[in-house]
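Next come two complexes built around chain A: one with chain B, the other with chain C.
== the complex of A and B ==
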């Protein structure tokens, strides 16, 4: 398939293809981090994860409209404010959902699946009622559009770079929060042995709520970031949910590092295969490989070794 | 869940509405009633099959998704059909009877469409159904409507390969969208190589099959053909492939949320559509879709449709004004919305030609029906239940509207089973 192309053309295509893989990687990381916290750490199968992302996207949409009307001079910087709002709004809703619904279902994982799926339907219809069934267009500041031209053939999309930076920063922040802070220690203690954690004086209900809220908040930031590359409509969240679970399960549910490694593996496989095969075939092959590996390693790539 | 609107509390249309117009309509209908009995023939004559027809009303069904994923696309059709019905009522109704509609929600779920169409036909005894949007929902309704001998007016452009005696297809079948647009790209833009790209389901695949055959026939080259799963959001790899193969034309039939991702990522990857290298020709992006994608992301692409909101003719100006007055100034009208608007009018004309609401007679009367007040200009029903209509090419502007740059001289003949293209 490479007949008739010059070496420099091929080089630049490979460079761009590498970049495409990396930006898919950062998208996966962003999608999966929130779920890795909720599903991986708490064992809650949150089917409404996609809807939390879209809530973040709608928050971004509202913020951008507000800036356009009231603060047009500061429009270039609205995105940072929007990400903050998206985090706060989603975390608040997450905390409420945990309090009202999820905490009653901790010992019944299959029921949380149904309950959160119901929640996702409720949220979708709520978006449809509030924002209309049509997708909304989120206007981006000019500096985020377009690309950096490295050479004649190589263009690096600015929003792709931006998503990468966000994904990286959030991954690092989550790492420090979970593994280098006192709060993270409490979370891990509750995950590993709840009665014991309670016995040493950890307020496990409070930890649960904060953890769930954090996961939802990160989903919100992901949603805000995805307004740059995808659609914002009542049911757009559905497009992400399968990939998200795939990444988290493949990585090994309880390991954040595993999530990142699996996001890297799947994104590289998919984007390389997409280049050589057609889109649908690439997806099928990627899924086959994932299923095959999961058959050999049911715990996922990185299994946490704990006594049960 | 169904809601029934009676015409008495219906919205009024046009600036001149009000008491004066109502009186005039009343006077006109009285004059008609006295001068010609034929305007309101007795119910026993026009309804021999037990439809919901009374001396002054007739019931029809509207069956679209107003909840679920498809609501985004189908709501425009519902609005257009309601507008047409109220306009018909304002002008005296059908055979002297006011149209009442029963609206049901297909909820983006195909079995629900089948069930609701059964309800409309068996319980409400509607004389016609205006509805369905996706091919899947139409296929779900089809056995029901054929079994109980109903009449469906289906608005969406679709892949063809179907011709039911119980359906009038008011949108284009695939060849009506594709053949002329490829000819245009070749003649006007000097296109030699094509890249076919679509979402992975029957409509894009059939469309591309037709496109490929046609391109082969012209002796030109297809340099790539690809499908992505519905809802796919990452197009970077295919964008790289396109950059490598440098086609003259990208022929795109990506649908739904994927569209937004596709155009945003093309733009971000430094492809400026206004430069037309490559030129992007789509059969799936109407004004409705642009609202979600954002005009700045599609500026410069070309779309092949039969209708654009910006069409400059008196019918369309009236239609656009009435639509905006009924549903709000910020509404946009896409190709399918206009096709949905044709449904009630074509049905009215067929009923009046047949002098009866009976489905068999309406079907017999349908071929040859001409609608000269169509917003798209002029349409005529073909023997095969599709419409003769023109193919038009529009160039997307930053404000989300299309500028019409080309239209076929003649009406394109609908050909749902194109020979040699399957």
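== the complex of A and C ==
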């Protein structure tokens, strides 16, 4: 499939497709981080994760409309406010869902999967009722428009770069929160041995709720970032959920680094193949390879060494 | 004759439940409904095949497959390919630039029948493929996953990914599969027009007959030692393994069984609806199939039939009058069935209706020594009854999965 391209052309194609893949990578990382926290740390499958992301996107959309009408002078900075709002709204809903639903199902992970799928159906239809079935988009502030020209064949759009920076900073923040803070230590203690963690005085139910809320909040930020590179519709979240689960499982459920590596690998493979094959075949091929590798190595790329 | 085990079984409580279902499907519904509605019930029943498979696979053995739509679709597509070839005679397709191939291939500039379509000229091969192709795929997935001890949530996600892959593949390869529209305009089955009302009614009865074949097959398995091992594996996998059983082999078997049921259902679906499209096999369709099983009661094969009927009837009812409310109802159903009544309708029936039945019929405790007889003993309170083992509905164990 590389016939008829010179080496330098191939290099540019890889660079260009590689960058196009980076925006997919950012979305994957942001969604997968939230999922990896919830699934990796708590063993809970949140099928409504895509809908939490879309909730964040709608929050951003509403914030941008509010800034446009009431604070046009500060419009350039609305995104940061929106990101905060998106985090808070999604974390609050996440905490509520954990309280109402998920906490009853910790010992039945397959049932959580079904219950959160039901939640995702309800949320999707709620968005359709409130915001309409049409996709909405936000107006980008001026400073996010345009692109940086690296060479004469490679253009880097600023909004894509910005989203990637957000994705990486949140990944770093999550790393510090999970592995370098007292709260992260509590979360890991509960994961490793719940009764023991309770015995030393950790409020495990509270930790669960906070973890779930954090995961959902990160999904909200993912949604806010998502509005920068695409438009939002009621079922946009569902389009990503299977891919994101594969990213998490492929990376090794309890490894944040693994999640990022697998998000990178899957998004790059998909976007590079898209140039040479049709879009659907690129996706099929990528997913097949991932499923194939998972069948050979079920623990994922970077698994903790544990005895099973 | 009166003492023959078959007659005895039909007079037993479980046999009566089967008789009631047969009565409903063979007598009551055909008498009450017109041909159009009856065909719709037939369509719902094809989903019951999938639901029975899921009861065996998920309820009994604890393997949740979110990709049953794949097997349903493969069965359906095999049947649709045969019917399409039969409908695409050179005479019927004379206006095409290449007569004798399906119309969508002609639209996509394909000039010869692809190799994998060739065998579907034979009806015998199609019948084998309807079961064989899903079972083969299930076998590959099962061997790859279960021998490596992948289970639970991981298995669910991977089967879901397979459903996604197959849907994208079918939609993307329009020239070979009919794309998003699917394989449409199916007319005859070996010269027999399947679009008439009589044909649809006949197909309904074929569906009911095959449904009972599958029900009895599933019942046979769950009564045998095989079924007991499946349940044991679900709750205490390691103990079963340490007792010397090959857990992976049993899982592969039950997964293939579920795939075979789903394939049969899919083929009947194609026959009763008259087309097959990727929308019936994707992620959303596949996960809906789980709710048929969950609503009916994930441990009861009869419940699965009722679950498939009820959910689908509600779905078309809602879609006709309040289409925007259906996703809310469906979502609430998912949440409710998991949180409030994990044993589904069968569980509710056992808790609330069975005591009434006992009061009505004043059944004497049987002396055949089975625990079921103990469970129906009037001396026990309902709470105690819940702890007893009932062959129809096993207790749901929260520790599993």
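Definition applied: the second predicted complex is superposed on the first by the 288 of 308 C-alpha atoms of A that agree within 3 Å, B and C clash if a C-alpha of one lies under 4 Å from a C-alpha of the other, contacts with A are read in each partner's own complex, and residues count from 1 in each chain.
As a convention for this text, contacts are C-beta pairs under 8 Å (C-beta built on N, C-alpha and C of every residue); 3 or more make two chains touch, one makes a residue touch a chain.
The structure presented is a predicted model; accordingly, all values stated were derived computationally and were not measured.
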Contacts of A:13 with chain B and chain C, given as first, second, both or neither: first
First (chain B), second (chain C), both or neither touched by A:24: first
Chain B versus chain C as contact partner of A:125, first or second or both or neither: both
Contacts of A:230 with chain B and chain C, given as first, second, both or neither: first
Chain B versus chain C as contact partner of A:288, first or second or both or neither: second
Which of chain B and chain C A:136 touches, first, second, both or neither: first
Touched partner set for A:158, first chain B, second chain C, both or neither: first
Partner chain in contact with A:278 - chain B first, chain C second, else both or neither: both
Partner chain(s) touched by A:104 [first = chain B, second = chain C, both, neither]: second
Those residues of chain A which chain B touches in one complex and chain C touches in the other: 125, 128, 238, 278-280, 283
Complex contact set, residues of chain A against chain C: 39, 43, 45, 101, 104-105, 107-115, 117-122, 124-125, 128-129, 238, 242, 245-246, 249, 278-281, 283-284, 287-288, 290-291, 294-296, 298, 308
Chain B residues within the chain A interface of the complex: 66-69, 71-72, 75, 200, 225-229, 231-234, 236-241, 243-244, 256-261, 264-265, 267-270, 288, 291-296
Residues of chain A defined as touching chain B within the complex: 5, 9, 13, 16-17, 19-20, 23-24, 27, 125, 128, 133-139, 145-147, 149, 153, 155, 157-160, 226, 228-236, 238-240, 270-271, 274-275, 278-280, 282-283
Of chain C, residues touching chain A in the complex: 58, 64, 66, 141, 144-145, 148-150, 152-154, 156-158, 160-162, 164-165, 168-169, 171-172, 283-284, 287, 290-291, 294, 324, 327-328, 330-335, 337-339, 342, 398-401
